[in-house]
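Paired with chain B in one complex and with chain C in the other, chain A is shared by the two complexes that follow.
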Partner chain A sequence: MNDPKHFEERGRVLAELNGVRKRYGNVTALDALDLEVRSGELLALLGPNGAGKSTAIALLLGLAQPDAGRATLLGRPPLEVASRREIGVMMQEVTLAPELRVCELVELAASYYPNPLSVHEALAVSGTTPLGARPYGKLSGGQKRQAQFAIAICGRPKLLFLDEPTVGLDVQARETMWSTIRALIGQGCSIVLTTHYLEEAEALADRVCVLAGGRLIASGSVDEIRSTVSRKQIRCATSVSTESARQWPEVLKATRDARHLHLTAVDAETTVRHLLAADPALRDLEVRQAGLAEAFAELTKEAA
Partner chain B sequence: MNAVATTPTFSPELARFGATARARMSATRTVRAYLVEAKLEFVRAMRAPIFVVPFLLLPVLLYMLFGIVMSGASGGAPRGVANAFFAGFATFAVIGPALFSVGCGIAIERDQGLLRLKRALPAPPGSYLVGKVLMQLAFAALATGLLATAALLGANLTLPAGQVWTLVGVLVIGTIPFCAMGLFIGTHVSGVAAPGITHLIYFPMLYLSGLFFPLPKVLARWAPVWPTFHLNRLALAAAGGIHLTAAQVWISVTTLIAITALCGTRALLKLARRG
Partner chain C sequence: MSASVFRSYVQKDLFLATPIMIGAVVCGIISIGLVHLGSVGVYAALIVMICAGASPAVFICMYSILGERKERSNLFAMSLPISTYQYVFGKLTAACIGFLVPWAVLALGAFLIFYKLPVPGGVLPAGLLFWGFTFLQFAGMLAVTMLSESEALVVAAVVVFNVSISFYIFLIMHIPAVGSHVNGRVAVWSPVVFEVFAGELLLAMLIIALLLVRLARKRDFI
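And then the complex of A and B:
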């Protein structure tokens, strides 16, 4: 962080897709997609299954070629080995050699890079030091993901691709990985994250791109994405029934649990007026902006 | 979630992370990448007894049974036959692991997405394949070394020890064309199909090239179509066990080099395109 270069470079485009199309047989995986990853940011790619997230990453990594348009990685075609020396990758569905110890797998991956962390450093940074001497085949699913994380960061990448990194991790391991990810961003690393866990994007992302049907349907900060959906969640302890709440035009959804009435509404102020008029004894009122989960559900529903 | 403190140990190692990385790979580091790959391939093989036991011990045990015990019981093999028998078994010992571990290994690892990951990481082009081949050479040296030791101790070879080791050396280098065949199979078929396809090539190649016993005339005419025939006769000739004309040497060497080049380039092209 003391290096002024990091500040100069902040916001520079590190990887991009320009008007990229990709078809697999009759299926259009990506349709005229433009995507930019900028220096110093954590970009979260969100989308339902089959939205094109993995295809977009495969094109950026040079694992697949676009049918039209252009993919660029660190200013070069992704197929060049030189451009990949500044990236780290954590993929889904990879089986690493089960006979090798985690430290050996890290040693191998580190040998591909010009100036990597030492094995000891890579394990320490990724919080996997206790796994170092264990054979990969003997690890649990979550531990395998942690070992793959160590492999992803061992080359001191400028740009890190993490495809569903925390699948199978317990809460503590996930928190550790999240804080490492934040610390790496602090060290000037940029990250592309795909995830199904919206709270992961909410916790980490500077910018979110939502894909659906191979197109970019929304892009912006977590707050911006949230605000594209003008919904409010209202909760209160009241005698008003769900049936009567549903009569109000601005209420989209009404449910009730043992203590509270839960409403989803487009206009919080009007709903609250209605509520107070119907039940002056209402208590425990809470109004909040819809979360990323609601925004995501709404956006992808519109796109479908 | 609230029970877990998120106090990651911001290790001093993290500070090294942000230091400017260089994209240029020095020659030393490139060589190192190849060596680490080969070393770990060897470590893997040695830790998987299912691989080591059949390929390392089977040729030695079979050779001890047929080449030493049984031929000893029948009053000793005639002069020269013991040499040919040893060379046949030694050829057998190198080609099996080359075809199966390289071919099936690559096919399975392709299915498992490992090659895709290596392509996404900046693995030097070819380090994966070269690693596999170097490991096979080391393995071939071990397998034939064991066999040669058994032969020198137990069989009545007419070859002096020095020439037995020459034969071993030729076989170890001669493993390369069979590794290339394995590469070809491994890059073209799935992990499920690879063992079957390899068997389909392996068994005819073993028996129809006359490695273990003299073939009937009609088959013997066709023995030269099998690369095993060429490797076997080159090894035996290098050790002084048989005499080959310059033309015969040239044909055998060219055949083996051609197989290596053909299978190797096809495999590399396939990998470069799809991984």
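And then the complex of A and C:
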């Protein structure tokens, strides 16, 4: 991160979709989509199933061609080998040769790159050293994802595509992968992450793009995306009932657990005034902005 | 860099095809043993030899190509720094080596046996043409498997190509220069035999070359 060259380059567009359209038969997978991946950032690509995330990634990787518009990868057409030498890819639902050991798969993938990590380094960096000697076909789902991560990073990528990287991982393995991702970003690697785990995007992303129906419906930092949703979450220990709270016009939702009343409201200040008026003895008051999950739900609901 | 990428890819595919290549050769050796069991043994040997010759083609098409596409392993390969041409050329090269090595070993073994052992050699020209046909059959199956997106079509093509063996044997037996000498003690090598065999090899190579040209232009892999 302290390398001045790294800062100079930060913000440069590494991969781009420019007005792309893609149809599969009668289904429009992408519709006039503009998307940029900038140097030094972790871009989280979010969207419900069928939103067009995987198609967008496929176009950036040159695995499919747009019907209209243009895709570029590191300033060149994505199919050019020179572009591919600077990327790493971890795809979803890909089966690798089950007969090969993890270290052999890493060695094989590394042989395609001009200046790869050694097998030992790739396994160590990805936290998969204990899996190295095991046949890929004998690994659990989560371990296969870890092995694929080791393969994705073995070429010292400038741009890394991670498609649902932590599906099936236990908590410890997920933490290890997150910390490796953070370290890679720190070393100047840029990452495109597609995930259904919104807390993952919240924890890692510099920028979030939300897709729905093949279109970009929101883009910005996690805070910017969260702020597009005006609702607030209010929690307090009070004698006010959920029925009473639901009578207040600014309250969208009211629930209660053993200790707390939970409200979702469009105007937190008015709601708090109502609460204090109804129960001056209320305790444990907490007001927070909607999280990425709530913002995502609202954005995609509007787009549907 | 290009050569090493190409070599890596071919080696990977060959590594996965090695068991079937060895299996085909072992079946060929077993068929040689069957020849010693008299006339029934010779027929049994022929059947084992036909199966041994055809099995690498079926395995390569169904497992190495169709299986790879079903499991999306081809997308993983295409995400590596490898051009479409390198990928297709590597795939076809590995497929051809995987088929042709046992094919050549079995053919050579069979011909040596016929020349060394006291068995009637009249069937050899027909055997040569049949062997050439298996290469043509392999090229056809390879083309359908690599061009078609439909698994059902590939399976149907594999069945049709294998059933066509019977029709082909029927056909070549009606070529006078071949059929009239099949039961003879000595092989009669008419120029027609070499012309048909050369035609089979050339047609198979043409199919594979056209396949390379067509697939190297492919741009959509999903």
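In the analysis below, the second predicted complex is superposed on the first by the 301 of 304 C-alpha atoms of A that agree within 3 Å, B and C clash if a C-alpha of one lies under 4 Å from a C-alpha of the other, contacts with A are read in each partner's own complex, and residues count from 1 in each chain.
Keep this in mind: a residue touches a chain if its C-beta (ideal position, glycine included) is under 8 Å from a C-beta of that chain, and two chains touch if they have at least 3 such contacts.
Because the structure is predicted, anything quoted here is derived from the model rather than measured.
Engineer: With both structures lined up on chain A, is it a clash or a fit for chain B and chain C?
Structural biologist: Superposition result for chain B and chain C: clash.
Engineer: Which partner does A:C189 contact after superposing on A: first (chain B), second (chain C), both, neither?
Structural biologist: first
Engineer: Quick one: name whichever of chain B and chain C touches more residues of chain A.
Structural biologist: Tallying touched residues of chain A, the top partner is B.
Engineer: With both complexes overlaid on chain A, does A:E99 touch chain B (first), chain C (second), both or neither?
Structural biologist: In the superposition, A:E99 contacts both chain B and chain C.
Engineer: If we overlay the two complexes on their shared chain A, which of chain B and chain C does A:K158 touch? Say first, second, both or neither.
Structural biologist: So A:K158 only meets chain B here.
Engineer: Just to be sure I read the superposition right, which of the two partners does A:R85 touch: chain B = first, chain C = second, or both, or neither?
Structural biologist: A:R85: touches chain B and chain C.
Engineer: Quick one: is A:Y113 in contact with chain B, with chain C, with both, or with neither? Answer first, second, both or neither.
Structural biologist: The answer is both, since A:Y113 touches chain B and chain C.
Engineer: Could you pull out which residues of chain A sit against chain B in one structure and against chain C in the other?
Structural biologist: The overlap between the chain B and chain C interfaces on chain A comprises residues 61-63, 81, 84-85, 87, 89, 91, 93-97, 99-100, 108-109, 111-114, 155, 161.
Engineer: Report the residues of chain A in contact with chain B in the complex, numbered from low to high.
Structural biologist: Within the complex, chain A touches chain B at residues 1, 3, 5-6, 61-63, 81-89, 91, 93-97, 99-100, 104, 107-109, 111-115, 117, 120-122, 124-125, 127, 135, 151, 153, 155-158, 161, 171-172, 175-176, 178-180, 183-184, 187-189.
Engineer: Tell me, which parts of chain C touch chain A in their complex?
Structural biologist: 1, 4-5, 8, 12, 15-16, 71-73, 75-76, 78-84, 86, 219-222
Engineer: Within the complex, which stretch of chain A touches chain C?
Structural biologist: It comes out as residues 55, 58, 61-65, 79-81, 84-85, 87, 89, 91, 93-97, 99-100, 108-109, 111-114, 155, 161.
Engineer: Could you list, by residue number, the parts of chain B that touch chain A in their complex?
Structural biologist: It comes out as residues 1, 4, 6, 8-11, 13-26, 29, 32-33, 36-37, 40, 43-44, 47-48, 109, 112-114, 116-117, 119-125, 127, 275.
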